[in-house]
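Across the two complexes that follow, subunit A remains constant while its partner is subunit B and subsequently subunit C.
Moving on to the complex of A and B:
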């Protein structure tokens, strides 16, 4: 491994191509941290956005008009405004507002008070709600595809509304929704770069720090590019395979 | 007899494989699958703006402005609304910056993206394998990388001036941002062109061949004229999405409307009551511009849908 790292030092000395993230331990750790943060942010946002989608779709089938209207309003707001604006709004307007009104719980971070939800937290909230709005619509369409007869059959077997949702409707709806969901989640992973604007130390942000310190913009830019394309590429391929596996025969050829 | 006492029965499709004899699903399933296919091909979602969104924004603006006016104890000419009106020329058109710059960037990025995307898309259906593979790779590469990464790349790697002989051409920031925005547009339009060309039934190619059209003639005189109709709705949708994305370049210091709004608020002592009115005002401006485009997209889509 050491020889591998040393090769990059030799590359720099010989050709001037400065891939500092390989031969400097400090920069390597910084880069890996950034990469892991991007992964972490993506995974958490994907998880929460799917949860929001499932819960929202369930609420949209509610008997109360007001519940349906609230969910509809939420979808329309997050669908039709740019995610950058949402992120800035959540972090600067809502975050600062909650702190000012004393509604944000704080913890002692060694001498000063740190709010419970920092920039990472707000990025997760904002991006999950953004992708969640699309997921609600997707799952809703999936649920509507399940025939009433199936639901009635579940009811006749003694399932409650919630139980039939979890065991009968959702598994079917999920398989119908998967292609659309897949599109949205890939889009979400690409959108996580926006967390850069509120200084979340994800890959884009750390790479920016690295090239500022080492003045190797072209090299780091190339690395950033390939890592992102690889990340999204792997996701696209993996989701595509899962999608084909879960396909309901005869639908959406 | 086998019984499931403590064990839950496996959920079909989740715990077990996908072989099943499920009952028929309702037509929504087909529509959702169709939408997923369309979004995947076009690389983005359809913008669905409605008139009540605009009405809501105006109400929100009045609400924020009202609260801000009530809160501010400044002199009458320094109230939030008066401040906003004073800054409107700067935010929208002064010196060709502000919202006008957003529009300029979107026009040029779209123009470059369209021309390059058409070429790349046609290269994707080329008969030469290396051209096909190369253009496919280029398309996928720019389609799968985040906008912000592309934008950073162009902003930082492009020179800020070019020397041609003895004359030095300065390249302003917004030109670089335009190129940065045109790359994802190019890749996505390339995919749209490919999809449109491939959606034309093979019969058309064959009948053109039987009428002694060459490949180039078939493409220009028979296939592409039919494709244009199909490509116009996604093309317009991309334009609206692109316009809404132009504020991204404010991160790099291009003096477009969001950047100038931030600067204006800083110049006005960063009073917090200005935040609401300023940002909602910009949202309204973007809405007024994008709403007709989004409506027209849907109308054209309905008009041009051909069922073969």
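Moving on to the complex of A and C:
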């Protein structure tokens, strides 16, 4: 393994291409940590944003006007503001505000405060809600694609609104909205790079630090580019396989 | 006869040459004396080295040093506000005759302007921390979150050498806000900037408790051509005098700058042994 790493040191000495994340242990560990953080952030945000999408789409069909208004307000708020602004707002304005009004449990670590929701937590909340807002609309498109005849048939068979949503409407809606959902989740994974503004040690932040210390911007930028292509590529392949697995005739084929 | 003429001619040419180079080398200095005014470039936005008071006048430690220079020369003083991006250019172009503007002494800068030795001040890396955190040594930062600015060269060292967890933000404003919100135990930055913040009065609950690391001395500058002539040598003498007379220590106290070990060290180092005069 050492020989593999040392080859990169030779590469630097010989050609000037500085891939320090291979031959320096400290930088290597930093880079791997950054990559793992991006992975965690992406997976958690994808999961929560889909959950929010499903729940939000159901609430949109609610009989109560107030519920529909709340969902609409939520969508407007998170769709109309840039994700960067949302991150900064949540971490600096809302997070600090909640702590100051005593609404956030804080653990005094002697010299600094560890709030219950730290910068990683706020990044997850902000990005999940951001992508969730888009997902609600995506699922709504899918739900509206389910023929009214099918919905009425379910109702006449005695399904409650919730049960028909879970067993009849959602599975069909899901298959229709899968391409658009795929799109949104890919965007979400790329948007996780914005978490660097609130000092979440994900890959963009880490690589920024590495190239500031080692002045090898072109090399690190190329590495970053390829890592993101690979990461998003895995997501796209996984979603493609899932789509093929769920295929039924007549819906989104 | 011709030999004598020849020698005389050569001597005359050499003498003229010497005079002209000597004159060129003292041009700025001569101009200052003839004009009765020295124009000094100082910072106007870096409290308390150079900043504007309520009346708009430039004051500060470096402004006082410029006044000392004018008084010693017996001329009037004119202060011109400069910034990091134009201070060397102003000096080269003749807009200022002398530059005392919190400039770090670096090899590439010495090629452009005449940085006078000895150095008059220094700055390095230190932290701004709450007094209640009780920090006294760098090693106490191990495992604790320390706010910083993304891209700063000392972040890696603080994290690698002392095991601190650097939480780096895009700008100083965000980093300082995070410190105020209690997200980290300290903010790591250039110590002169931290001292400026402490002097501003907005950070009364904070202190700069640790020993400054990685000192990079500052240099004041004269035009490069005049470094080895009267102007450069005179400023060398001024700096020497500022150190040995304790004037810099006095100015630090006056402007509320935390006493640096550098100034005390330089005073001791440059002091003459006057035993023989007893």
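Convention: the second predicted complex is superposed on the first by the 223 of 253 C-alpha atoms of A that agree within 3 Å, B and C clash if a C-alpha of one lies under 4 Å from a C-alpha of the other, contacts with A are read in each partner's own complex, and residues count from 1 in each chain.
Throughout what follows, contacts are C-beta pairs under 8 Å (C-beta built on N, C-alpha and C of every residue); 3 or more make two chains touch, one makes a residue touch a chain.
Quantities reported herein were computed from a predicted structural model and do not represent experimental measurements.
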item: Three-chain arrangement built on subunit A, subunit B and subunit C clash or fit; value: fit
item: First (subunit B), second (subunit C), both or neither touched by A:105; value: neither
item: First, second, both or neither for A:197, with subunit B first and subunit C second; value: both
item: Comparison of subunit B and subunit C by subunit A residues contacted; value: B
item: C-alpha centroid angle, subunit C to subunit B via subunit A, nearest 10°; value: 70
item: First (subunit B), second (subunit C), both or neither touched by A:138; value: first
item: Minimum C-alpha spacing, chains overlaid - subunit B and subunit C, in Å; value: 6
item: Overlap of subunit C and subunit B interfaces on subunit A (superposed complexes); value: 92, 96, 196-197, 208
item: Subunit C residues within the subunit A interface of the complex; value: 129-130, 132-135, 144-145, 147, 150-153, 155-156, 160, 166-170, 174, 177-178, 181-185
item: Residue ranges of subunit B in contact with subunit A within the complex; value: 11-14, 17-20, 22-37, 39-40, 44-45, 47-50, 53, 140-141, 144-149, 152-153, 156-157, 244-245, 247-248, 251, 272, 275-276, 279, 283
item: Of subunit A, residues touching subunit C in the complex; value: 26, 92, 95-96, 99, 110-113, 118-119, 196-199, 205, 208-209, 212-213
item: Complex contact set, residues of subunit A against subunit B; value: 76, 79-82, 84-85, 89, 92-93, 96, 134, 138, 141-142, 144-147, 149-150, 167, 171-172, 174-177, 179-180, 182-183, 187, 190-194, 196-197, 204, 208, 211, 217-218, 221, 224-225, 228-229, 232-233, 236, 245-249, 251-252
